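Two complexes are shown next, each including subunit A; its partner changes from subunit B in the first to subunit C in the second.
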Partner chain A sequence: MSIVLDQVTKRYQGAPVVNDVSLEVAEGEFFVLLGPSGSGKSTLLRAIAGLTSVDHGRIHLHGQDVTHLSARQRGVGFVFQNYALFKHMTVGENIEFALRVRRMKAAERVKRRKELLRLVALEGMDDRLPTQLSGGQQQRVAVARALAHKPQVLLLDEPFGALDAKIREELRRTIRQVQRELKITTVLVTHDQEEAFALADRIGVMNLGRLLETGKPEELYASPATRFVATFLGAANLLLARQTAQGICFGRMPVRTQVSERAETTREHEVVAVLRPEEIELAPTRDALRTSFIANGVVEEVVFTGALERLRVRIDNDSAEEARLAAVSSDSQPANAVLEVTRTQHEQRAFPVTLQQTVAIGVRRIHVLPTPLSSYTACGPTSEAVQRLVRHPFLTELAARMKTRIAVRTEAALGQLDTDKPASEPITGVAVISSSGNVARQVEWLLRNGAGEIMVLPAHVAAPRRVLIHWADDVVRRSTLAVAASLLRHVPAEAVYLGILPSHSDESQKPIGVRSLLDARSEAQAVHGLEMRTELHFGAAGEELHRQLSEAPDQMLILGISNMQQIHEEFGALFAAPASYSMMVVYRSAKEIDQAARADHARGDHVRDEAPVKARERAAIGR
Partner chain B sequence: MAIGADKEMLAELARRPGRDTLTSAIVKGAFITVSLLFLAALLFAPLITVFATALEKGFDVYISSFKDSDTLAAIRLTLTVAAIVVPLNTIFGIAAAWAIGKFEFRGKSVLITLIDLPIAVSPVISGLIYVLLFGIHGWFGLWLQENDISIIYAVPGIVLATLFVTFPYVARELIPLMEQLGNDEEEAAITLGAGGLMTFFHVTLPKIRWGLVYGVILCNARAMGEFGAVSVVSGHIRGLTTTMPLHVEILYNEYNFVSAFAVASLLTLLAVVTLVIKTFVEWRGYRKR
Partner chain C sequence: MSVRTPSILPGFGITLGYTTFFLSAIVLIPLAALVAKAGTMGWREFLDVLLDPRAVASYRLSFGASLLAATLNGVFGFIIAWTLVRYDFPGRKLIDALIDMPFALPTAVSGIALTAVFAENGWIGQYLAPLGIKVAYTWIGIVVALTLIGLPFVVRSVQPALLEVQRDLEDAAETLGAGRFYIFRRIIFPTVMPALLTGFTMAFARAIGEYGSVIFIAGNLPMKTEITPLLIVIKLEQFDYTGAAALGFIMLVISFIMLLSINLLQAWGRRRLVAAGR
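Let's look at the complex of A and B:
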């Protein structure tokens, strides 16, 4: 491995800018770090070069630990966004700078300079001053200068940022050529997905300081694991659907189409489906569709963009035979979803559409995100209580970041203690309740009515900076980690797994505890792409967690349970007093996990049982 | 890009304010006249007077007034003080500007304010603080006397007072420059393997050289011309602790106008040379950009 990052964290004024990033870049690989501005990608690149120190974690270059070496000693090639050429030196002197530092003989310097100028196609420009060159030429000089001392790693920080489109493309080709010719390990930072696709052997997508997913461009595009990657890499329609035993349902009828990703449990639950605009088919009637029908719609907008036609089609819920097709949107009102559709010239000729025309919508391929957090449902005994929850700043921020909706549900039963009365219909998505009243009874009632994840929010709680993770037993380990990974992609906080041993346990049990921590960590990393820290504590689980959470402000707990009695017994302390921290309860019964595993087995799919190494590889290539 | 107007010409056109009409021409003329009259009354008239009075009794008398040993001593002292103060303040200025321009630290704004202090404080006060510190009745007075070190009414006092008064000039010139130029080129040099000194001399110094020259010139002019602070600490001992400005005053008070104005003309020449160099530096700086 050429570059290895292990849990690299960089904080700025207390907030993590780069949050627990682990990454391996292979020898000679072209790796592109992609993310919006402020995602921490440039900071990470500067940390690799040694221009920024890290607060936590290790950085290895070619097997050597360089975490504490200066930028000078690391000797990587670095290309800056605004070139950073030495303006008082000629092009030749700029390129020879690194060689003069190394006291190379003049004749050799000249030879190397000529070689580099040929490489970047700037022969004969030796005596020009940087100010006499165009932007594209200056950046070529910067690339040549960065390569002069034959570094083993080349880092480029948004190198095309200041250039116009045409020169950008040309320079892109040059850099790709140079990289191929020298077979140099390269990391490039950009916010432009087209650039990433054009250059990368492998892409890593960053947001809010976390490295969300890495993988080959085409794999990341076809099967993203997160909402962010789905929508950041190309356009995507996100729709809420139901995962049933028969398959994916948008309404009552399952959609017969190619679906990637399989269910974690057999229980019917809500999922987020990704429909790429080019995978959607339009036809005059349902029968004319060659693909699986999902709904009727009305064409709202048609834009001609050259090779492709872009349309916006509003799904017509009333006329569609399958009722209730909800888009994933931050609106709390269940508005009719608008789908983005792109069509080729060929498709346009086969079925020309006009504005306001009613069309049948079909879909060729659906990708289901493996996230367990599909949408939020604010629950309360009265509509005022529910409205208060919907306006909760943390919840609205979370829903907006996840680009999902907050549904509302008023259930009088939540106010009374008569828990036998069932809900009007099963709860979908993450149930959200306030922390007033008898929290334990409310949680239990919601679990009995179909909720799998419940968020308990005190009235005045801010977004957490530290998220503690704990599960009652191994049955819910996987689900709890999945929820934690999904949540932490949208919250810039540190993740800490707390292992708790009974206080009377002696020294001999300690190694077992430590081992379970390490297992948890590697599973989180390998299967869920979640980097977390671990701590071992002693005491009664409920009390110990409560103590840890009450110690510092801005903390949150993600708690996995497999038995409803655990709410009252083991973790009673957490639900007893009105808490000052928010909580996410994840519930999976042993029975449903068992069924899902058996169903998997029947399909002859053993991936989950393979050694962690294999699983890690799977994660590395992008799931 | 051979076709069309070149980039600089277009920029020049875009920069020019307003259109050329008759009214604007009149307004322009009026403003220029007012400025020139103002300059004539306040600047050129006194300048001419200085040289006129100095040369009033002929060139020989003008030259002979420099042959006086006290005058020569005053010139020598002024040059000595400048030779000590200017390099020290240059080093300090670069260090302070480097610290402020390149690093984030607590109390940065306080440091910037402190650097401006000598400009805000009256020079007489600047002199007085040294008298209060090192004078016979000052804090360290007794100890200094016991060890037979004289600071006040001696050359060290003059150097200290001049140092204090002139230290903002280089720093103030460099701080905005360093902040504006940023760190990228230095970082590039470091990733290319250059050490601290190499980076400074080959990358940073060439970048800031014209700003530095300008700061040094200003610092030098002030160091040679300082009157107030030096007057308080010097004691006016002829031939020993009088600098050129102080010597001008002494000569003038003795009604020796020709000599007074002759020395004054030297100082004025210094100012003129400073202005010429400054203009040159600014022209070079503009061309570079």
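Let's look at the complex of A and C:
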């Protein structure tokens, strides 16, 4: 490994700008850090170079721990966005700077200078001053200067930012050529996904200081694991769908199409589906479609962009048989979503469309995000209670950050105790209830009616700063971790896994407890990319958790259970009294987990045990 | 270029007119009068005044002390500017405001204050006296006074230049393996040099013309601590107007030559910076 980052964290005035980033870049690899401005990508790059110190974590370059070495001692090549050329020196003097510092002999210096100028195609420019060169040429000089002392790592911080499109492309090609020729490990920071695709062997996407996913460009594009990566890398339509035993359903009928899915349970549940604009087909009628029909729609906008045509098509829910499609984004009307569609010249000729025309929409390929948190459904016995929940600040903040919607559901049964009256239709998404009334009863009723995740919110609770994680048994371990990882991507809180041993357990059981903690931590990190701390406690699980949660404000619990009786018995203490903390209950029965595993096995899908992120990591390391 | 060529920028005629008028009224005409007055003397008389040993001693003192004071200001003014720009510490704003004080203070007041402090029984003078260092009433005192007067010029011209040195340049040099002193010598100093030279020139020019503060601390012993401006005042008090004018004229010539050469040096440096490409 050429560059290894281990849990690197950098804070500015208490707020983390780089949050727990672990990353490995292989020898000779071209790695691109991609992210919006303010995502911490430049800070991370400066940390690798030693220009910024880190608050936590370690940085290794070629096996050597350089965390506490200065930029001078690390000796990496660094190219700045604004070139940072020494204006009072000529091009030649700029390039020779690193060699002069190292007291290299004049003759050798000149030889190296000529070599570098040839490499960046600036022969004969030795005596020019930087101000006499164009922006593109200046950046070439900066690249040559950064390579003069033969660094083993080249870091580029938005090197094309200040250049216009044409020169940008030319310089991009030069840098790729230079990188190939020297086989130098390179990390480039950019906010331009096109640039990332054009240059990278591997891309890492950052947002809000976290490294969300890494992988080969085509893999990340085809099967992203998070909403952010799906929408940041190219355009994407995110739709809520249902995962059933038959496959993905937008309406009643399953969509017969290529689906990259990772069903973890056979129970019917809501998922977030990614439809790329170019994977959508339009036809005059449903029968004329060559791909799987999802709905009818009305063309709202047509933009010609040369090679491609961009359309916005509003899904017509009434005409689509039973297909109530909902966009994930909360800012569009949940009832009728707008799809972005791109079509090639060929498709345009085959079926020209005009504004306001009704078309049938089909889809070639659907990718299902592995996130267990698709959308929220506020549930309560009366519509006032539901409306109070919908306006809950923490819930609205969470939904906005996840760019998802909050549906509402009024169920009188939630108010009446001891009723077995079923829900009007199965509960979808994360069910949200307030913590008033008989919480245990309500949770059980929701679980019986199809809910897999339930959030219990007290009326006055802020976003948590500490999230405790606990599961009843190993059946729900994986699901609980997945929910925790998904939630913590959107909440800037510290994650702590609590292992609890019975209070009467003797010393001999302690090592087993500690080992389970470590296993949990490494699984969270490896499979879900979640960094969490661990604590071992003794006592009755429910009481101990309640005690921990009541001790300090702004805490939240993510609790995995596999048996409804656990609500009343093992964890009864958590549901008995009106709590001051919020809770997320994750429920998976042993039966459904078992069935899903068997179904997977039948399909011969052996990589199932590893989340896509990790699988990609493996692929990169093996290369 | 002909003045009548239509220019893209309007207002050339009127601005040039004002420039000429003000330069004439405030600088050129009084100087011409000075030269004219000196010109009423015969050559012999003129040279007698100029080459009077007392006068020659005063030139040496005036220009020597000014040069030394400007140099001291160049060094310490740079350090002060560096401290103010690069570090944030409590009281930074206060010190920043204090820098301008010598501008505002009547120079006579500065002179009296310095004399009180550096006299043999003054706050600082009493500790220097046992070491055999006399400041007040010697040439050292003159240098101290001139340094005080010229300090703001250097600090105020270096400050903006230092602010403009991009941190990226230093970061770049550091990644290329340069140590702190190397970065200072090869990156920061060359960038700030023109501004420092400007500050030095202004401090020097101001020091040559200074009168008020120096006469209090100098002691004014003929041949020893008598500066040329004082000599001019003495001549005026004796109603020797032409003698005073002759001394003024020679100061004018020497100052002009020195300032011109510094400016040329600066222009040469800039040209090397901007247009070295062939």
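Operating definition for what follows: the second predicted complex is superposed on the first by the 590 of 623 C-alpha atoms of A that agree within 3 Å, B and C clash if a C-alpha of one lies under 4 Å from a C-alpha of the other, contacts with A are read in each partner's own complex, and residues count from 1 in each chain.
We take it that a contact is a pair of C-beta atoms (placed from the backbone, for glycine too) under 8 Å apart; a residue touches a chain by one contact, two chains touch by 3 or more.
Just so you know, these numbers come straight off a predicted model, no measurement behind them.
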Do subunit B and subunit C fit side by side on subunit A after the overlay, or clash?
clash
Contacts for A:522 in the overlay, against subunit B (first) and subunit C (second): which applies, first, second, both or neither?
neither
Once the shared chain is lined up, is A:102 touching subunit B (first), subunit C (second), both, or neither of them?
both
First (subunit B), second (subunit C), both or neither: which does A:76 touch?
both
Using the superposition on chain A described above, determine whether A:22 touches subunit B (first), subunit C (second), both, or neither.
neither
Overlap of the subunit B and subunit C interfaces on subunit A comprises residues 49-51, 70-72, 74-78, 80, 82, 84, 86-88, 97-98, 101-102, 145-146, 148-149
Across the complex, what residues on subunit A touch subunit C?
49-51, 70-72, 74-78, 80, 82, 84, 86-88, 90, 97-98, 101-102, 127-129, 131-132, 145-146, 148-149
Report the residues of subunit C in contact with subunit A in the complex, numbered from low to high.
166, 168-169, 171-179, 182, 186-187, 190-191, 273-278
Complex interface listing, subunit B residues touching subunit A:
184-185, 187-195, 198, 202-203, 206-207
Please output the residues of subunit A touching subunit B within their complex, sorted ascending.
49-51, 70-72, 74-78, 80, 82, 84-88, 97-98, 101-102, 142, 145-146, 148-149
